[in-house]
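In what follows, chain A forms one complex with chain B and a second complex with chain C.
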Partner chain A sequence: MPRYLRIVLLLTPGLGLVVVMMSMVIYRAVAQSFGLYNFGGEDILSLAHWQEMFDNRRYWSALRWSGYIATTSALLSVALAYPLALWLRRPFFGSTILSAMIKAPYFVPGLVAAFLLINVISFHGFVNEFMIWIGLWDKPVRMQNDENGYAIIGLQVWKQLPLAFLLLLGSIQSIPDSVLHAAQDLGAGTLARFRRVVLPLTMKAMQAALVLIFIGAAGDFSFQAIAGPARKNSMATLMTQLQGSNYSDWNGAAVVGVTLMGLSLVGAVALAGFVQLMTKFTENVR
Partner chain B sequence: MKRRHISTILAIAVSFALFFWLAIPFAMAVMWSMVDPGHPWSYPDILPPKLSFERWRVVWETTSLPTAMLNSYTLAPVAGICTLLLAAPTAYAFGREEFRGKAIAQVVILIPLVLPGFVTAVFFASLLLSLGIFEKYPAVLLGHIVLYMPYAVRILSVSFSQVQDDVVNAARDLGASPFEVFRAAYFPVLKPGIFAAFLIVFVLSIEEFAIAFIVGVPDFTTIPTILFSYLGFEFVRTNAAVVALILVVPNVILMLVLERLLQSANPASVSGKG
Partner chain C sequence: MGLEIENVGVRFGSFEALRSVNLTVDDGAFVTLLGPSGCGKTTLLNVIAGFLKPTSGTVRMDGMDISDTRPEARDTAMCFQSYALFPHLSVRENVAFGPRQKKVPKNEIVQRVSKLLDQMGLDIHAEKLPNALSGGQQQRVALARALAVAPGIVLFDEPLSNLDAKLRDQVRTEIRALQREVGFTAVYVTHDQAEALAMSDEVFLLNKGVVEQSGAPREIYFRPRTSFVADFIGAANLHVGKIKDGAMATPFGPLGVRGADALNKTVCWRPEVVRLGGDLQGAVTASAFQGGHLDLFVSAGDQTVRLQVPGSHEFDVGDEVSFGLDPENVVVLADEGHVDA
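Then we have the complex of A and B:
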């Protein structure tokens, strides 16, 4: 059997299945956004569904909202993961337990995470009862479904911090101690060592963490549906609403779906580029 | 000495923070699941007035939770085995063959991971609708296989690359049949990888929500879709607490097992050589 045929046959069941299914799904979304595969009527290739969405205030509001939640969550998770990863770089008494506790939320399914948070911040949840008990607050504060999405961002950070932590930890651990000592001997302070040694050497891991968290948070449905403000939509909740039984607007949902894929791509490229620029800049600053 | 002092204090402080980070949320869920139906837990009680397993019994007997659990736990192992079988040849090619475009192929296999889950789910549903496939179980199964293929391929290709050529050759030279070569040279090295790949697909399939919700509902309920129904418009906190715990506890245990397996899946511990 020719070699290339052997390789093709080996790749078919796994990679082949993924490629066929995913390209069909993506093509489907794009085609439906332009009016093809129309379940409700005739297939007409047109920009009408895009135009309709562009005139829809809910579309823009969902796009802004998902972009805001995803950017904030990604930046916040990475900012919190850096000090933790630097601190737990070398094993010490109790560091294994600490690492395990940081990683634990990653294993908790999103829906469960949302439920856990709601219990803690609800009107008679732990935070309110505690603050009233110690006397800082006179009456319970409404924190659930807040207008600024702090609950969703908190959830994203709770669940995604472990990912950033693991990626950064692996990268930081691979920096030889001798490099850090050399920098110290040359008179670099803690901040300078971070900026000029750690940051450039962990740039790839930081980019990966930011991109993965951004994509995950941009496509979020569960946290928005459960803990998000009632009057706002994320791209995923808007898409399912349009497609769902009340509207059955598959074409509109497709426009939102394609936009969401675009948002993920643009956000990923922008964050990766931002990190690259920032690293270059801080390296040159004395 | 002073530095060590500071790090001890820091460790204690962060341990406390993490205790609140994890212990409080889970404790609240456990308590809510055990609130006695006859004694509601309301303001200003810090703790539930009476604890019982009554709620668990009620949820088990009056809701479709048993069906959902049956669905989830029959779907997940099948998804695990199918994914493993389909992923193995690709993993073999990634781990043991050199070919043009391999680097690209290794990136392309990750597409299911970066595409937003609900986009995949909605347009997978649209595809099924056009193809006239209304059978839910195979549809959700296919979705899970494709979605989690990247994990199985990644884990297994690392395992395949750790199989040592001289062991394979030695077995061949001794006249072993292909099956015996697999058993003697491949299987011992692949074993932790196989278990790890199966386990991760199993756990992720149990937790999967987007496809189960969009494609499966309302005829095919899984544990996450039941949970969502209690968290949505008809918010039933006590029922949600029961279902949340049923969903999360077995999976956390399995993930801990998985971590052990992944740690043991390194060449030194498997083949006895560095």
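Then we have the complex of A and C:
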């Protein structure tokens, strides 16, 4: 049996299933966005649903919002994970507990985390009650469903930071001490060592972290639904609104779904490219 | 650039890695920190580089106390055992790393790097990444990278230990020649006594965190102060006993010694200072032809000594051999020591 055929056969049970399932979903969503597989009427191949969405302000607002939340969350998570990973790269007394605490949010379901946050920041939540009790505030302050999405970004960072931390920690730990010592010995201070040695050597892990967090945050539903501003939609909440409630607009929802996949792809490529450029730039700036 | 280490001690919890170490290195000298694994030589090198803060004592460079100076601000550069090259940078970029960090003008960096690459025979590999080079080439890049910052002191942490024997000899010669040519002060850590003897102006032999003996290689070899030094540097024959009227009684016969009468002393002599024919006698238990010389293991009573005689001689196991020594070649050691028969 030819070698390539053997490889294909060996990969088929695992990879094949993934490819088939993914292809089916993508094909179905794309086809539906062009009017096929229409649950609410006749199947007509058309650009009308796309045209309709492009004329819809809510669509563009949701796209911008999801892009903003995903980009900010990815960048913030990675920015906060770096110093933690550098700090915990070598074991010290208590480092295992600290490391476990940083990873813990990864195992808390997003919905639970969002409800916990609401308990803390709601009108009669922990923060408001506490501040009034100690006399710093006269009346409760509105923090829930803020217009800038700080609560969602906070939740995303809290939830996704462990992923960035794990990816970066592994990569940072693989840099030998002697390489960092060599840089220091040659005159590189803390920032220079980070910029000229750590950053380029952990670039792949950083790219992976940014891409995974961006994709996860771009498709967020639960944080937006619970802690997001009332007048704004993410792509995921818009999709369910179009398909559910009174609209039953499966084709419109498919357009949003395909756009979301496109956003994930474009965002991931853009962030990976940004990291690559940044590494080259910092290397050239002496 | 001169270096002074004054009463430096390093403690890790209850373990004392260095105990009140003192040493002085003259400007332009090549000194070696020699000793077995765990003796504290790399710890001392890390203290000099600034990677480790001493628990006590002072480190001075050209008279200036640098004990609290950060490594990046010290006028030192280190060649690491593992080379520690930056894997993401080309050979040229590796060598240029230090000068760029020290804000050397761009034109000078280009000139300095090109000169060093040329000097080290690395110019044809300038654009390669370190993983495309052999061990010897990587070692040369590490040396070029260290020299590119024109440091006052170059620190070597067992730089040849990952090379094969032939390459080790070649790079060793190259390092020494370069040090003489450029004139930098070198502190070289090794556990290989042959390397230390061949390269150094001065050897500091460390044992259990203290400098057991220091001096020129010949002095250390021919005039060891303790049984540890005698045993660690080259092959040595040791005897413990009473010195009376210029001789020590051994199972081989009376051994002439130049020393005052003493009850319990250790004396030492090197295998190659022996001559065939003399007052000492024993039976050959093993022999090994080494080309230029013959290694003989000769026993008497419960002791065995090693002799080196010209390779033209032939002995079989069991042969009786008589040999002699000039008393000036027998060194009376400071400690009571021990004898490994």
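One rule holds for everything that comes next: the second predicted complex is superposed on the first by the 267 of 286 C-alpha atoms of A that agree within 3 Å, B and C clash if a C-alpha of one lies under 4 Å from a C-alpha of the other, contacts with A are read in each partner's own complex, and residues count from 1 in each chain.
In this section, a contact is a pair of C-beta atoms (placed from the backbone, for glycine too) under 8 Å apart; a residue touches a chain by one contact, two chains touch by 3 or more.
Small disclaimer: the values here were computed from a predicted structure and weren't measured.
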Superposed partners chain B and chain C on chain A - clash or fit: fit
Touching partner for A:Arg196 - first (chain B), second (chain C), both, neither: second
First, second, both or neither for A:Gly187, with chain B first and chain C second: second
Touched partner set for A:Val120, first chain B, second chain C, both or neither: first
Partner with the higher number of touched chain A residues, chain C or chain B: B
Touched partner set for A:Leu271, first chain B, second chain C, both or neither: neither
First (chain B), second (chain C), both or neither touched by A:Ala218: first
Which superposed partner A:Ile26 touches (first chain B, second chain C, both, neither): first
Contacts of A:Met239 with chain B and chain C, given as first, second, both or neither: first
Per-pair minimum CA distance [chain C against chain B, superposed on A] in Å: 9
Shared chain A contacts, counted only where both chain B and chain C touch the same residue: none
Residue ranges of chain C in contact with chain A within the complex: 49, 51, 70-73, 76-78, 80-82, 84-88, 97-98, 100-103, 145, 149
Interfacial residue positions of chain B with respect to chain A in the complex: 7, 10-11, 14-15, 18, 21-22, 24-26, 28-29, 32, 42-44, 46, 85-93, 97, 99, 105, 108-109, 111-112, 114-120, 122-127, 129-130, 142, 145-146, 149-150, 152-153, 207, 209-210, 214, 224, 227-228, 231-232, 237, 240-241, 244, 247-248, 251-252, 255
Parts of chain A lying in touch with chain C, wherever the complex brings them together: 176, 178-179, 181-189, 192, 196-197, 200-201, 286
Residues of chain A touching chain B in the complex: 3-4, 7, 9-15, 17-19, 21-22, 24-26, 28-29, 32, 37, 39, 87, 92-95, 97-98, 101-102, 104-105, 107-112, 114-120, 124-126, 129, 132-133, 140, 158, 215, 218-219, 221-222, 225-226, 235-236, 239-240, 243, 250, 253-254, 257, 260-261, 264
